[in-house]
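Please read the structure below before turning to the comments.
Each chain carries a letter (A, B, C, D and E) given by its place in the written order, and its residues are counted from 1.
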Amino acid sequence: MSFEEKEMAENIKRISGVNPRKCMKCGKCSGTCPAYEEMDYHPHEFVAMVEKGRIDELLASKSIWTCLSCFACVERCPRSVEPAKLIEAVRLEVIRAQGANHLKAVQIPELLDEKLPQQAIVSAFRKYSK
Amino acid sequence: MMYKIRTERLPELFALAAADKALYLPVEQGGQVEFRPWSEGAAVRFDALNTVRSAKDLFFPQTENLVAFRTEGKKISIIENADTGAPFGLMGVRSCDAKSFEILDRVFLAEPADTYYKARRENGTVVTLACHEPEETCFCAALGIDAAESADGDAASWIRDGWFYLKPVTAKGEASVETVRPLLTECDGADDAAVEAEKKDIGAVIGQLPFSKLDLSRFRGENMLEIFNDPRWKELSAACLGCGTCTYVCPTCQCYDIKDFKTGDGIQRFRTWDSCMYSDFTKMSAGQPRLTQVERFRQRFMHKLVYYPMNNDGLYSCVGCGRCLRKCPISMNIVKVAKTLGGEQNDEQ
Amino acid sequence: MQRIGVFVCWCGTNIAATVDVKAVAEAARKEPGVVFATDYQYMCSEAGQKLIRDAIAEHKLTGVVICSCSPRMHEATFRKTVEAAGLNPYMLEVANIREQCSWIHKDRTEATEKAVVLARTAIAKVSLNVPLTAGESPVTKRALVIGGGIAGIQSALDIADAGYEVDIVEKQPTIGGKMTQIDKTFPTLDCAACILTPKMVDAAQHEKITIYSYSEVTEVTGFVGAFKARIKRKARFVDETKCTGCGECTSKCPSKKNKNEFNLGLDNRTAIYIPFAQAVPKVAVIDAESCIKKKTGKCGLCQKICGAGAIDYEQKDEYIEREYGAIVVATGYNPIDLAKYDEYAYSQSPDVVTSLELERLMNAAGPTKGTLLRPSDGTHPHTIVFIQCVGSRCDDARGKPYCSKICCMYTAKHAMLIREKYPDTEVHVFYIDVRTPGKNFDEFYRRAVEQYGVDYIKGMVGKVVPHDGKLLVQGSDLIANEQVRIEADMVVLAAAIEPDKSARSIATMLTASIDTNDFFTEAHPKLRPVESPTAGVFLSGVCQGPKDIPETVAQASACAAKVIGLLAKDKLKGNPCVAHVNEEMCNGCSTCEKVCPYGAITYQDKEFRVPGPKRTEIRRVASVNEAVCQGCGACTVACMSGAMDIKGFANKQIFAEVDAICR
Amino acid sequence: MQIKIDENGNFKPTIVAFCCNWCSYAGADLAGTSRLSYPANVKIVRVPCSCRVNPLFILRAFQRGADGVILCGCHPGDCHYTTGNYYTRRRMTLLFNMLDYLGIERDRTRVEWVSAAEGAKMARVMNEFVARICELGENKRLEDLRCKKSLEE
Amino acid sequence: MQEIFGRIKKRAAELFADGTVTRMVGWQKGESDYDKTPAVFGPDMKGFVYDGFCGANLSKYLINLSKVEGRTLVLLKPCDSYSFNQLLTEHRIDRDKVYAIGIDCNGKLDINKIRALGVKGIRSVAEEGDEVVLDTVYGSKRVKRSEVLLDRCYCCKGKDHVAGDEFILAEKRVDTTTTDRFELVKKLEAMTPDERYEFWRGELSRCIRCNACRNVCPACSCVKCVFDNPALGTDSKANSDTFEENMFHIIRAFHVAGRCTDCGECSRVCPQHIPLHLLNRKFIRDIDELYGEYQAGAEVGQRGPLTDFAKNDAEPGATPDKGGKK
């Protein structure tokens, strides 16, 4: 693990307040994750990669956007590792960089359709942009 | 030669006197008057009859370090850490307390002299003060002590009508008066008359006090055994609690105990007042010579009125200050003993 | 003056790593009273002890200080050593420079300086030690076993075989405990009943063993060798001596709709019932809550039917007091409550069962008479999913932080038995790790995988969703790195196990120490694993920690061996560090008597020489019964005049220690 | 008298701890076996039970130069002698209130219930206590100058 | 007060006459009117007197007197009767060797308070109604009785006797209670620790270690006190350091905690007038607040608060006002 990787990992741990070492690699978070199929890195891999310092791959991963923030993994992790907070920390890392908002205001109008609840758009906008 | 100063300007006198050496005065703290070093704003109480612990405390303090031993592993080193203090002045001493110094001198300065006491005695300059208002517990007259003018101080003083009169007696007294001479004005005939009037007034009051004519004549060497075996000691000492109050407030009690205190890496040997009333007084390896409170009680008063006078050509080891009359928890004291076992004249009073 | 020898132990590198042992010995040599000081790698070794014995002889030592590990570890060892060299065993003090110095400080100078202070403290104490000889107290030749499971029975049998009387007190109407509910046992697959019931019968028929079933221990007083226990015999409303166990009453009883605890509520039982056929004692018991006669006063059918006239509705709880020399705790365990685990839908669907419930479903005497059927509709389950570590190894409030140790093995057993009996069923096991810590255990697990084709999936189940009769199990497969969805007919949860609820109250009763998970704490994991620190209290079975049946039986026998070792002695060497009163100074004010937890202090009038004409007087003074006193010291502080003191922890010694620390 | 200032000039307190043989001493041992650490200023005196600690011991410790005294015992209810720590609790509550009544810093004395399984708690308590005593500084209000004298020479 | 003295003397004479008692413990007239010495009287009762200055608590003398042949008659004021019961609870007095008469008391006078008002050279003292007439060398003075009572009378524990074979009650009972006995304790508790430290340093620094407080106290009656016992290692005879002053008074108060009946003798006899009762009352207040109202000596055989416990006692650090309540 190079120095930058270690530093970035420390940063993610500091933001999320999560200690990935507590994970006993039981896979329950992935087992319970409803967005499992759409994710390239599944929650249990996420925790292991943060611990390994492979943050760049996570920054570029699809998972940080497909994660529904339903917190089922946080609720059910037997070792209180809170994987969702790690994903959120990486997401924040991305959207905090200048102009890296995942969902710009201008894109919203054509996303709207009558089946999509209002609340989903609001929370997505809040989650995907600074 | 006598000098005088307005009583309002006494604080200046104290400040000047206390400039080069410590000045002890009767100062009130927490409602009790004790001899304490003078400091700015101290509540000096020349009107208080006398202090709780007598002036003896300045020459023969309740506790004082004698010597200390330090152990380094198995090596012992001796440290002289006795503190006989620096020269000091002592004002406001009543005639009875002043007389007690003479009684203590006969004990501590007799060969071989007690160096600690001797050093302090030389350091001290005593200025006595006449008793403006003696009280019923005083019986200094019965012991031939003149409350109006003490013969034992380095200087004598009186207070009357707002004037503080100061008359040096000894060379040391002269020297200490010189240090405050600038504040003093010399006295003239009228002042001498005022002081004589003060003495006469004091004498008059002394005459009216109940115990002034206490008869101690029976307490003589030849009656020792007769008094010693008197059955009334049991009744007199029945209520005695065996606490040390009477001995610790008494100006003439001179008994002390030497104790060693383990300070952790050595021993601090120190001297402290002892009370013949305590159960471990003069406890020796063979045991305790006076096993019951009756014997201890008798020892105290026999020493004061019989043993001490026998060894000191008739000088009683009591100065009639009345402290034990005031402070004893059960109001048993030397006057009651004297009246019970003393001369016949006491009976008809 | 004392001639003290100081021995500083290296403890290999445990002490020597952070404490300069030579410097400590050097500093100790300078202390007054110390005539010999040395250091050695292993003071507790034979060579180390010989070093002490030789030094005592050569330097005619009167006191010994060992600077080593905690006195709780080797104080007894070193006492035997000095005793062998002819020195009184209580002229020895141990300075704890390992657990309380070298192991907790990193800086070498700091640790060495502290070790010197601790050595100095021990020297200060030993120079005021006086030779003590332990008092003797009688031993009641009878043992009490609390809990009648396999652990309690095994301990009782071993103790009784050594010729000592044993009382088993069992809370349930029958002895046998959890093992009676188990079908087969790993790794030999022999049926639990076949191992257990003979032992239960032996226990029942053994003339030295008395069984108090349906009873509880309510109070224990006294101390090792002389315990007094109060046992509450709960009212059974059936006379044990008359009931033949024929079962007529159970068949006629009208109140039938009561949850059968023996089958974990999977079926019902009558108000008057016999838990199971091989129950010992095979005596019916009336459940007061559900008996119509007890509740409403009507009915009374069972009394009429009973040929032996054993039914007595007016039976009351009975209390008996018995004396014991030793007490064995065998309170066993229970699976944890899974109500809070809603992600597994345990309380939503009857087909989600715990492993113990599965045992009942597979057991011939169980509710389904041995054929594995789904509790919901009674059909044969085609796919079964086992979920491991439910509630174990999890540090949140719902579960237990420890591994329950037996789940991997019994799940492998269940999977194997199901695959063997019903080859067409699919068995999947979601696991984190499979732990097979015993002889033939891993081979047993491999047979389940290789011979019986049980599908082991490494990964945990996220959730179980009941969906029209089926159970959708969604978990992750970490090896294949995919999310797995299985439609199961039954889900079996390997629930964590926790000590029986009565453990904490019994620990308080026996003043035995207990840890935060309610397991009894053993005196030392390696040196004294089957004894509680409280003398005379022994630990048998799961009450001390999770373990399987082979280990439980092994520990039960070990525990019995310890009890036999204790009961074999006629006299017990007491604790010499007991209270001692200085009658010269005692006021006779009985303040100490009020604070003594053991009632060891009584008062007598004694004659004392008194100064003065009376020569002697009668005074009321305290006197301590050294056999009853345990040396806690409450009386020494209650006593104003300091007349009461503890031998071995005297006031002067503790003052000397405090002085040495602050010097 | 131990030197009260360590090499880089900050105050090094002397702390006396009384630990009961059954629970807190075992807890301290567990802190050792778990290799937790707490400052070296704490020295432990083993007593049969927390109820063996006499107020005279605590005052003697302060007299001899201790800056803090902590008394550890079993949790009430767990006492090996059943009732020992109940008496300790009352005695120490009254004693500490009296020391506070005389104006002596209340935090110089402390009672803590530590069971044989709470090694971590023992380490945490000791670290907290030493930190608090360092804040309070040297014990000036209950010191005996005779025991300090040899320090100045 | 005179008529009570008369009735006591008459009753005592009867008890002597019919042989129930062989001696009486009372107060003897001293040299001055205000000084009274506890004394043991024979049948003639020479010098026996009972007036406003008989403050001394006689129960402690019974420890030795109940070891002597024959029964002793003792006169117990209401506040003394608590000490009598406490000593009986501690088996220090042999009850059937003592015949106790509870005598009423309308508050006892404090000669030091009289002197503090500037009265000097007292020759004779007379009590007239609620005034004290003093004939002194410097003229005669009148002082209101209610201003010069002993401290303890201002928070008197009440007129009811808790011990005694018979009682001699006054017709007119004067209630002298004016303050709550914990008033000063609460005031001290309200101060900051530094202020309290200064206050107590000022007070205790005056202590001359004469042991009067210890030797007069009925609860402090050990055969051998820890401070006199070199074998124990805690002996100390002198206040050669401020620490000794603190330790002596902390330990003295701690040893009587839960046993002190608040009879006020220690403060009465202290030659330096250190308010020692404030130390004992602090313990009494803490015990009352934390463990329930308790009056030592209220009845014989009570179990003291320090020899008792409750499972839910407050943790150390709980103070009466800061959440001390159970």
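What we mean here is this: contacts are C-beta pairs under 8 Å (C-beta built on N, C-alpha and C of every residue); 3 or more make two chains touch, one makes a residue touch a chain.
None of these values were measured; they are calculated from a predicted model.
Listed by label, the chains that touch chain A and also chain E are C. Number of steps on the shortest path from chain A to chain D, with steps defined by chain touch: 2.
Between D-E and C-D, more C-beta contact pairs are found at C-D. A simple rule picks the central chain: find each chain's mean C-alpha point, then take the one closest to the mean of all protein C-alpha atoms, which gives D. Among the other chains, B has the CA centre that is most remote from the centre of chain C.
Taking each chain's centre as the average of its CA atoms, chain C and chain E sit 55 Å apart. With each centre defined as the average position of its C-alpha atoms, the distance from chain B to chain E rounds to 30 Å. A separation of 46 Å divides the Cα centre of chain B from that of chain D.
A straight line joining the Cα centres of chain B and chain C is 73 Å long.
In chain C, the residues that reach two or more other chains under the touch definition are 595, 638, 651, 655, 659, 662-663. Those residues of chain D in touch with two or more other chains are numbered 1, 55-56, 60, 64-65, 77, 83, 87, 91, 146-147. In chain E, the residues touching two or more other chains are 226, 234, 240, 306-307.
By the definition of touch given earlier, these chain pairs are in contact: A-C, B-C, B-D, B-E, C-D, C-E, D-E. Across the interface of their complex, chain B is touched by residues 30-32, 35-40, 56, 61, 116, 120-123, 136-138, 202-203, 206, 208-212, 214-216, 228, 237-240, 265, 268-269, 271-274 of chain E.
Interface of chain B with chain D (complex): residues 68, 70, 79, 81, 261, 263-266, 268.
Within the complex formed with chain A, the chain C residues making contact are 343, 389, 393-396, 399, 430, 432, 458-463, 474-478, 481, 483-484.
Put simply, chain D touches chain B in their complex at residues 1, 64-65, 146-147, 149-150, 153. Remark: chain A residues 24-33, 36-37, 42, 44-45, 72, 75-76, 78-80 touch chain C in the complex.
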